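Heads up, the next two complexes both have chain A, just with different partners, chain B and then chain C.
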Partner chain A sequence: MSSATTAIEAPPAGAAARRLAWRQAEVVERIAETPRATTLVLDVPDWPGHLAGQHVDIRLTADDGYQAQRSYSIASPPEVPRLALTITRLERGEVSPWLVDEARPGDRFELRGPIGGYFAWSVAAGGPLLLVAGGSGIAPLMAMLRHRAASGEAGRAVPARLLFSSRSYGDIIYREELERLGSAPGGLLIVHTLTHERPPPGWRGHARLIDSPMLAEVGFPPAAAPKVFVCGPTPMVEAVAEAVVSLGHDPGRVKTERFGATGGR
Partner chain B sequence: MIRTRGFTGRSRANADEQRVPPGQYVTDDFPVLSAGPTPHTPLDRWTLALQDGGSLVGKWTWEEFQALPQTELTVDIHCVTKWSKLGTVWEGVTIDDLLAAAGLEEPSAPHLMAHCDGGYTANLPLEDLLDGKGLVATRFDGEPLAPEHGGPARLLVPHLYFWKSAKWVRRLRFMEHDEPGFWESLGYHIYGDPWREQRYDGD
Partner chain C sequence: MSREQVYSTLDGNAAGGLLREAFAFDATAARTTCAGCSRMMPMGELRLYAIELGAILRCPSCGEAVVRIARTPRGLWIDLRGAATVVAVSAGAL
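Our next item is the complex of A and B:
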């Protein structure tokens, strides 16, 4: 018992911290997800592994030595050796246009991680799991759903729901894969909402910004004590987190990740 | 260093290496980053406390806090997620004035933990907060600090990465020995100097 306890303790104070090293990532595949979003599949030698929900820093270097760094969530689950990053092109962006439009198989850049252990989930942590995504905020939540799907019986035992807000039908990232995941047996409910364009005929999702009634309908009751992960643009995350808390969920179980529209990514 | 084919980056004309730390880019927006929901503590229930060991050595209601000397600071801020924002204007009470108001001539311990609504914590060397370097800020850009940016009051320690400028601060606790706060326990650097690019543990 005591040795098991010791094994999970933090390293002793004064232990030399190992620096999170920059590694060379090579693009092996690009997948056009939507008109604005592209997934890059990366080969990263000696990748130490990650938890679903964590992110990486990437660093691009121009010919004159100028460098730019940005952070991106990992969309691939821990079970897959190659890392997938899904990037949305930002107007006036410096790094995202290169990643979305320019990067080709064989291109290389630097990457380090995994970073962040708070906005992270594994099947071992249990559920129920309530995921709320806006736009490319789906990426870290997709890593969780892919991890859940890769975990067989243990994954299916975790009730999970995804509420996913996209601008239009054509902007739904991972739409086909989500359809497959949602129709497979095993306790996953996926509900979409479209915020900027009229839904196509036969649409079964919602067509408004995520609000309290929608969260009450799709989410679990507070008594079920779901683990809640919210990721998207700041106004959406602020509104959703506030609504979830007002519905009676413990703020301590609501974890948020935001990408600001900084024009810089 | 490996070159990235076809990557040119922004114009170098505006790059100010004296002002923008390595790996940062300048934004005009004010991005929001928090680990959880934004707390909303009503001002009539808000207090700020100073704690030394087991005892409370100072405590102010919102009104009492507003009556303390107010200082305006114009500073550049640097977030570990890579954005920097230049020339931001803050108003609040310096830690020096706070200690003086509590009748503490000498700080009683070399480290400090900021405790916040929502359970967030951040650790800092006290020295980094003294001599006008640290503020408990309640106003940004001439307006009351918005809740999503840490209002009603946040710590402001602009020479460290911005996660050290703890949002929704309610209690400052002196510590004899340094301890990691929230992000510091999750792989982020214990000190966080942007000029030495101390983003993560071991940097």
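Our next item is the complex of A and C:
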């Protein structure tokens, strides 16, 4: 129970605004990833660079001045100058339907970033790396895998595993690129699980929600002290984080990021 | 469904842009002690409510409003009564 009233009023604009400026991003390419997810490749003038796992805020302004703002993870690695955002259409969303269905090369909107140093990783931070993704929660983890793949020998020296939960085979975002990354030499293991539809014939992944046995099988032993990143819908993130800790991993090495239906992530 | 319920599925990472307006350090990584239950966690792990007009970041354990930020015509209004301590982690210490 606190008795003191500690309210702070920061000046508007000023230094803070200079630290994180809104920039005009221009769509240069659209990539259909799945029926519900589209990647927008953006040209952002004077982009200051980012770490894998960071995100951006996007602000759309309607003709009448109404503004809507959402945050999206960056899927492209720091090595690529253009930003890739992978956006899943939310049926009642204000922002995602426009981005997924309407945005075309040449369209512009406001963007600021990079944001967030908590859910971020670089090869320099080392590993092993255990990544657990649910649906479009793959985006920031894909930036980490792309960064690792772009880092040559130093990247291959970091053992990495990805456990990726998708609704159905057709909903697996980046499926072909993940196949290529997983079959390239260099210590990356990728395991899929499908949660809502029967897997296709010959499926070698799992077909259930992520649980402790699956994490024990795919993940590293706690003694290896992996850096764990979990990103997905809140119930999935909560269940995975709890299971990982119950398997004996240090909670301080488990980083989580949740996205929700209206958050647009 | 109320707006609070709608946004309760997000966490402090999604408020990172607003937090950057409010603080000179990366607050998503800043270790914060809940004044309600003394749990310590990065602000990125707090639960996010009501991002449109500011943000309320609640403790995942006890529900205490740890960080409250509102946009006002004069600037940001920041209430940290629910945060007993905030430790800014330097960028290299990830």
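Here is the rule we use: the second predicted complex is superposed on the first by the 243 of 265 C-alpha atoms of A that agree within 3 Å, B and C clash if a C-alpha of one lies under 4 Å from a C-alpha of the other, contacts with A are read in each partner's own complex, and residues count from 1 in each chain.
In this text, contacts are C-beta pairs under 8 Å (C-beta built on N, C-alpha and C of every residue); 3 or more make two chains touch, one makes a residue touch a chain.
If you're wondering where the values come from, they're calculated on a predicted model, not measured in any experiment.
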Message: Taking the superposition on A as described, I'd like to know which of chain B and chain C A:Pro185 touches: first, second, both or neither.
response: neither
Task: In the overlay, answer first, second, both or neither for which of chain B and chain C A:Ile115 touches.
output: both
Query: Of the partners chain B and chain C, which touch A:Thr61 in the superposed model: first, second, both, neither?
result: first
Query: Who does A:Ser71 touch here: chain B (first), chain C (second), both, or neither?
result: both
Task: Report for A:Thr234: first if it touches chain B alone, second if chain C alone, otherwise both or neither.
output: both
Query: Which holds for A:Pro201: it touches chain B only (first), chain C only (second), both, or neither?
result: neither
- request: In the overlay, answer first, second, both or neither for which of chain B and chain C A:Ala125 touches.
  value: second
Query: Which holds for A:Arg258: it touches chain B only (first), chain C only (second), both, or neither?
result: both
- line: Dual-contact residues of chain A, meaning touching chain B and chain C, are 16-17, 19-20, 57, 69, 71, 115-119, 234, 255-256, 258, 260-263
Query: Mind pulling up the chain C residues that touch chain A in the complex?
result: 6-11, 13-14, 16-17, 20-22, 24, 26, 28-29, 35, 42-45, 48, 51-52, 72, 74-82, 91, 94
Query: What part of chain B is in contact with chain A in the complex they form?
result: 1-10, 12, 15, 23, 25, 27-39, 81-83, 118-119, 148, 182, 186-187, 199-203
In the complex, chain A residues that touch chain C: 2, 4-12, 15-17, 19-20, 55, 57, 69, 71, 112-113, 115-121, 125, 233-234, 255-263, 265
Field: Residue numbers on chain A that touch chain B, as the complex places them
entry: 16-20, 24, 57, 59-71, 94, 98, 102, 107-110, 115-119, 234, 237-238, 241-242, 244-245, 251-252, 254-256, 258, 260-264
